[in-house]
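In what comes next, chain A is part of two complexes: it sits with chain B in the first one and with chain C in the second one.
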Partner chain A sequence: MSKISHSQLFAVLIGIRMFSIICSVHPSDAGQMAGAAISILLQLAAAIPMIALYRQKNFSLKKELLFGKFGKAVYALFFILWGSVSFSNLWGVTKSVYFPIDSSLTGAVILAAICIYTASMGIKSLNRYSTIMLGLIFFSLFIMILGAYPKAELSNFAPNADFTEITESVIREFCSSGELVMMFILLEFVPEKRSKSITAFFTGKFILTELVAVIEITVLGKIMGLSDYPFFSAGAYSQPFSIQRADSLYMILFTMLCVMTVTLQIVLCSMLIKEIFPDLKYNTLLSTVLMLGASSAVNILNIDLTAITGILILLLAVIVPIIMYIRRKLKHEGKKSDSAVPASADA
Partner chain B sequence: MKPSLLKNIPVIPDLSENIKKIKEISEESSDVLINEVEISGISSCLFCCEGMVSTSTITELILHPLMNINLPEKSAEALLSHINGKMLLSIDRPIAYNYEDFFRLLNSGFALLAVDGADYFLAFGVQGYQTRGINEPSGENNLTGSHEGFVEVIRTNMSLIRRKIKSPVLVQKLFVLGDKSQTDLCICYMSDRVPKKLIKRIMDSLNKSELESILSTGYIQPFIESGGKRIFSSIGMTERPDVLCSKLIEGRVAILVDGNPYALIIPKLVSDNFQTVDDYNFKPYFGTFIRWLKYAALFLSILLPAFYVAVAMHHPELLNSTLLVILSQSEENAPFSIVAETIGVLIMYEIIKEAGLRLPKAVGGAVSIVAGIIIGDSAVQSGLISTPLLTVAALSVVGGFVIPELTQSITVLRIIFVICGGIWGLYGISLFGAAVLFNMCATEDYGFPYTAPFAPFIKKAMGDTAVRSGFRKMQNNDFTVEDLHEQN
Partner chain C sequence: MKAKNLIPPFLLLLTLNGCSGKSEVRDKGFIRTIGADYSDVQNISLQLYDSDEILTGQGSTLFSAIADSEHTQGKKLFAGHLELFASSPENIYENLSTLLKNNRISPSCSVICVPENAAGLVSESESDYLPELIESSDRSGLIVKKNISSVIDDLLGTDGKAAVPIFKDKEIYMAVIDGEKIIGVLTRDESSGLCWLNGGIKDIYLPLDINGRKVDFYVRKSSTKITAEKQGDKINITAEIKINGNAEEADIDREAVKQNVSEQVSGLCAKTIAKTVTGMKADVFGIEKSINARGISESRTWEDLIPNINFYYKIKISE
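Let's turn to the complex of A and B:
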C-alpha cells in the first residue's frame, strides 16, 4: 500500500467522522455535547498505546499483529460490519431525506458499484480525494453557519444534563468511532508526524462534533426531537440565501463522504482478505458484497449493531494495541537481559 | 527494406558500389540527386535531396570550395581529412558510417559527400526547405504577452526556446524515433531542476514505442502518459515558447516533435488549465479574479446542465417560486423530456462545432449563422426547445471555452452528468462526481499527482494557483514541480 502523509490521514479521519455526524439520528443536547467531549478525551487517551507502539523502532503491524491470520480476519470482519453500518446509514437517509431513487436498495447498489470502481483506484487516490472533501466540509459548514446565524436561538440551549444521559452519550459516541480501528491500521502507512496527525484529528473531531451540535440545538430547538436526521433538518432550517435553498449542498456532501467512507472500508477489508488468502481474486467485489449482504441482513432482522461495533472497537483499537505494546516491551527486555548474560560471562 | 536494418549495412570504400547500393535502396527515387564529380583528381559524389537543400548555399559554400581543392596526395583519406580539418564548409558536419545515418541525413536536408576509397560519408548542413513563418499561435491567444508561436521545424522551435532561456543549464537533446518517419524529437529540461532519474524514465518510456511513424505529438503521448483509464490528460501541450519556458523553469520536461507546432509538457497539473500568460501581465488582484472566474467556468460548463435537469425533474423544491414558475411555464409545452431535450441541444452543438471546424472558413461562418440564428431561434419559437434550457446549454458551452485545454473531458462529462442527474437527481450527480474526482486523483505521471497542489495540499504552491501573487512575492518562492513529487 502507498504511504499516507500525516495531513492526509487527518483529512481521511475527519471525513469519516463528518459522515458519522451527518448520519447521526440522536438529537443533540447539552448532555450529548458533554458526553461527546468526554468520549473524545477518553478516545485520545485510548489512542496513546497505538502511538507508543508505532513510536517503537522497526514496528510493523503487518508482521506483528496478534494471532496472525485470525487477528487479520477479526479486523476484516469489523470492516465488513462497519461497512454494513455505512450502507444502513445510506438506507436510512435515503428513506428519510428525499433521494430520487426507486428504492433504498437501488441506491445502495449504485453506491456499491461506484465504490468498487473507486476502490480499484487505490488508497493513494482516496487520500487525495479526502483532501478535497476536507475543503467541501469546511465550505458546507461555512454555508451552514451563515444560514444558521440569523435563525439561531440561544435560549434553545438548556445546560441541564444528568449523569446517566452523559454516560449514555459517552458510550454511544465511542461505539460510533470506528475510525479508531481504521487509524490503528492506517498509521502503519504514515511515515512521520503520527502523533501530530492524531492530536490534530481528535481536536478537529471535538470541534466538528460540538459545532454541529451547537448549530442543531440553537437552530432546531424543540423540533429536533421530531427530525430523523438532525443535521439535514438543521440544514433545511438554516438557509443562507433567500432565492436559493442550500439543501442540495448537504445532500452532495453526504453522498460524496459516503463514497469515501465505504471505499476506505472496502480497500482495508480487501487488503486484509488478500493477506489472509493471497490467491483469492476479486477481493474488492467480495468485500462489497459481504458489506451489502450484512447491511441487508441487519435491516431485515432489525439488528442494532451499536453494541457489537462498540465491543469490537474497544478490542481492536484499545486492547489489542495495549497487549501488543506490553508483549513487545517484554520481548525487548528479554532480549536485553539475554545479551547482558554472555557479556558478563565474557568478562 | 526496414530503415532499422540499414544500420547493419556499412559504407564500403568503393564509390561505384556505394552509389549502386543507394540507388538500390532508394529504388532510384526522383528526389535523390546524385552528382558524380572529380575532386582533386579523386572520383567523388555529392548526394542531396531535391527541395530539402538550399541551392545557393550548396553552390557557394560547398561546390565552389570543393572544386578548388588541389592536393599533392591523391588519396581519399587525405582529401577527406583536408575537407574536414582545414575547411569549415558548414557548421553542422556529421559523419555517416552506415546507410541508416546516410538516409536520415540526406532526408533531413544535408548534402553528403562520398569519396572513392573512403568508408564513410561527410555530411554538410545546407537545409533550405520551405517552412511556415513564426506566427501568432492560433489556439492560445493572449492580450499582452508575446505573439510568437512554435512552427513545424524543430530547430526553429529549439531556437525560440533558447532565445528566452540563455542559461547553459537549459539542455535540448535531439534524438530520432519512428522506424519509417525517422522523426527528430527534442527533449528539453533545466539540468539543475530536473532529476536525471526522471529524464531516464521518460526516455525509457519513449524508447519502448515501436512506432513506424511519428507525425504529431499525439503519437508519442500514450507512451509517456501513465496507463489506466484516465479522464484527464496528465501531459500538457502548448504552442507558445513563453509558456513552455515558464514550465521548464518550474522544473518540467518538454518534448518537441519535428513537423508539429506543439510541445508536450511533463508533468501537467490540473491548475495549469487555469493559467495563461496574461495572468502574469495583469495586476495580481485581476489575475486572481480571472483565475477564480475560470474555476467557476469549469463547474458551470460541466455541471450546469446536469443541475438544471436534476432540479427541474427531481428537486423543484430547491428553486424559489419565481424561478419555478418560469421553468414550469417554459417546459410545459416542450414535446420532449428535459433529459432528451438537454442531450439533444448539447449534441446538436457538438455537431455544429465539428461542422464549423472542418469546413473551409467561409462556409464555416455560414454554418454558425444557420446554427445560431435559424436553428436556435426557430427551435425555441416552434416550442421544440425551452428558452431556459437553451440559456443553460449556452452558458455551459461558453463556460467550456474559457478552459480550452479541457474541452475533450468537459464535452463527454457534461453529457454523462446530464444522464445521471436525469435518472437519480443530485444523488446521481454526486455519485458520478465522486467517481470522476477519484479518477482525477488517481491520475499521475512519474510521481506527480495531477490534482497537486490542491490534493495533496501544498501551501507553497498556492501563490500561483488559488491566487496570483505578485512577482515581488513569487520571486523568492523558489518553487519547482519537484516540491509536488509524492513518494510511494
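Let's turn to the complex of A and C:
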C-alpha cells in the first residue's frame, strides 16, 4: 500500500483548502473572518474522534468502515460530488475571470484528461505534486502580500458583525470543508504523526483563511461587492510589478490546484470503486466521467450543492467516525468482559 | 517509469500547445485611451499605442461601441493595456463598472472626467497629452490620480460621490461627481488641499513667505492618516499629516518655516473640507471609512451626520 508522510498529508489538505478559498464567491468581512475562525475551531474538535479512531490498535478503515460496501459507495459518491464541485468552480472562474481558452467546456475536458493521467500515476505522485504546490501557494501569497502592502487600506476593515452573519459564515465555512472527508480516508495511508499533521493543517487553514480575507478586505474595500471572485480581484488590484498581468500567477495557481483537487477525488473514488467492484476496469475514467456528468447536470439545472455537501461532510467526517469509535470501544469492552468471565469462573 | 507512461503527456504536449486560437501581435491594436460620451447611445474615440490613427464608434453599450470602432480598420482591438478612460459625467458609473467587471482591463487604468465631448477631446489631442498631463499634475500635487477601482470604491460609499480629475478649459482640476453628473469643480487650492488630505505628496516645493522673505520648502515625502473619534453627539475627524522636508535655505528660522508650512497646508485642507464636505456633502478622503474602522456605530444618515463632524489638523514636520 502507498504511504503518505505526515508532511505530505499536510500539503495535500492545504492545497485542497486553498482551492476552496480561491473559488469562494462570498465577500470577506469581519463577520466572515470571525465565523471562519469559529468554524475551524469546531472542525478541529470534530476531528478528534477521527484521530482517536486511528490511534486504536490494529485499526483499518478498509476493513472496518461502517456499512461495508454501502459505506464505501457513499464515500465514493461524496468524492464524485466534490469533484463535480471542483469542475463547476473551474467553469465559473473561466467565465468570470479572463482565461485564454476557447470555451469553458473545452477547458474542463482538457483538465479532465490531465487529471486522468495524473490519477493513473497513483497517490505517490499526487503527494509529490502537492509538496510542489505547497511551495507555489507560499510563493503566490508572498507575491500577493508584496503587492497588497502599498495598496492595502486598513480603514476598509470595519469591525462590525452580527450574530446571524457569524452563524451563516460558520455554516458556510463548514460546508466548504470537503477536505475533512478526504482527511478521514487519507489518514489510513499515514503511518505516524497523524495528530501532528492534523494540528498543523488546522493551524495552516486558519492562517490561510484569515490572511486571504484580510488582503481582500483591505485591498478591495467596497469593490468586493461587485467582484465575482474576490481572490482574483485582490490579485488583479495588488500588482507588485509594473506589468499589468502579474495576476496570471494566481490563474496558474488556480489551474494547478484544480488539477490536484480533481485528481485526489479521482484517486480516492476509483480506489473505493475498486474495493466495491474488484473486477471493474477503467475506474479512473469512470470516476472522471461521473464527475464531469454531475458537474454538467449541476450547472444546467443550477443546483446549489452547499447544503448537500454540508450534510455529507457532517455525516462522513464527523458522525461516521464517532459511531465507528463507539462501536470499536463497545466491541473491545465486550471482548474484555468475555475474557474476564472464565477467569472469574476459574476462581 | 515505463516508456508507455510518457506517451500521454507527449501527446498532450503536441496537441494542446495553445496555438489553435493564436493571433499575431501585428494583427492586434492595443487601445491606449478611450474617450466616451453618452447621450442616448455611447459615442467613443480610441487612441492606439504606436499609432496616430483615431478610431470612432457608436453603440448602445461601451463594448458594442468599441466593437463598432474595430470595423473601421483591420486590426483586432485589445483593451488589456488601457491607460486612460476619459468620460463625460453622464453614465460614468455604469461605464466604470463595465470596465471593472471586464477582467481584461487593468483596474489601475486612470480615469478623467470631461464635462463635454470627451470623445472629441481624445480624438483632437496627441496620444501622450492626457496621460502625461495627469501624471505630471499628480506628481506636482495639483490633482489626485484616480483609477477605475478607486473611483468606484468612492461612488459606492454612503454619500454616493467621488473625486475625480477633470479637464476643463484646457486645465486640470479635481471635481466631485456622483454616478451621472458633476456636483462641483474644485479650485486649484482646493484640489491641492484634497491631495494633502489623500496623502502621499512628495518631491514638491512649497513657496513660503517668512517675514517678507520668499523661501522654498522642499517636501521630500508626506503621509496622511484620517482618524475618527466619538465625543458625545459629535464625531471628531483628525487629519494627521506628517511631512518630511526642509527649507532650501539654511539661515532661516526653522520654527517659523514649520509654522508657515503648517498654516499653509491646514489652510488648503480647510478650504477643501468647506467646499466638499460642507458644501457638496461629499466624502472624498475616507471619512466614512475612518468612522467604520473605529467601530463607531452610526444610525444617522450621512447628510445628518455632517453638521456633527468637527475637523482637526495635526501637521507634523520633520527634517
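Methods note: the second predicted complex is superposed on the first by the 343 of 347 C-alpha atoms of A that agree within 3 Å, B and C clash if a C-alpha of one lies under 4 Å from a C-alpha of the other, contacts with A are read in each partner's own complex, and residues count from 1 in each chain.
Definition applied: contacts are C-beta pairs under 8 Å (C-beta built on N, C-alpha and C of every residue); 3 or more make two chains touch, one makes a residue touch a chain.
Since we're looking at a predicted model, the values are computed, not measured.
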Exercise. Is A:G221 touching the first partner chain B, the second partner chain C, both, or neither of them?
Worked result: second
For this session: State whether chain B or chain C is in contact with more residues of chain A in the superposed arrangement.
Result: B
Exercise. Once the shared chain is lined up, is A:I114 touching chain B (first), chain C (second), both, or neither of them?
Worked result: both
For this session: Give one of first, second, both or neither to describe whether A:Y237 is in contact with chain B, with chain C, with both, or with none.
Result: second
For this session: Pick one for A:L126: touches chain B only (first), chain C only (second), both, or neither.
Result: first
For this session: With the two complexes superposed on chain A, say which partner A:P278 touches: chain B (first), chain C (second), both, or neither.
Result: neither
For this session: Could you tell me if A:F157 is touching chain B, chain C, both of them or neither one (first, second, both, neither)?
Result: second
Exercise. Of all the chain A residues, which ones make contact with chain B and with chain C?
Worked result: 98, 100, 110, 114, 117, 121, 244-245
For this session: Note which residues of chain C are touching chain A in the complex, please.
Result: 5, 8-9, 12, 16, 18, 20-21, 80-81, 97, 100-104, 106-108, 149, 152-153, 156-157, 226, 286, 289-290, 292-293, 295, 297
Seminar exercise, completed: Touching chain B in the complex, chain A uses residues 2-3, 5, 7-8, 94, 98-101, 107, 110-111, 114, 117-118, 121-122, 124-132, 135, 242-245, 247-248, 251-252, 255-256, 259-260, 263
Exercise. Which residues of chain A touch chain C in their complex?
Worked result: 96-98, 100, 102, 110, 113-114, 117, 121, 153-160, 220-223, 225-226, 228, 232-233, 236-237, 239, 244-245
Problem set entry | Footprint of chain A on chain B - complex, ascending | 310-311, 313-315, 317-320, 323, 424-435, 437-439, 441-442, 444, 449, 451, 454-457, 486-488
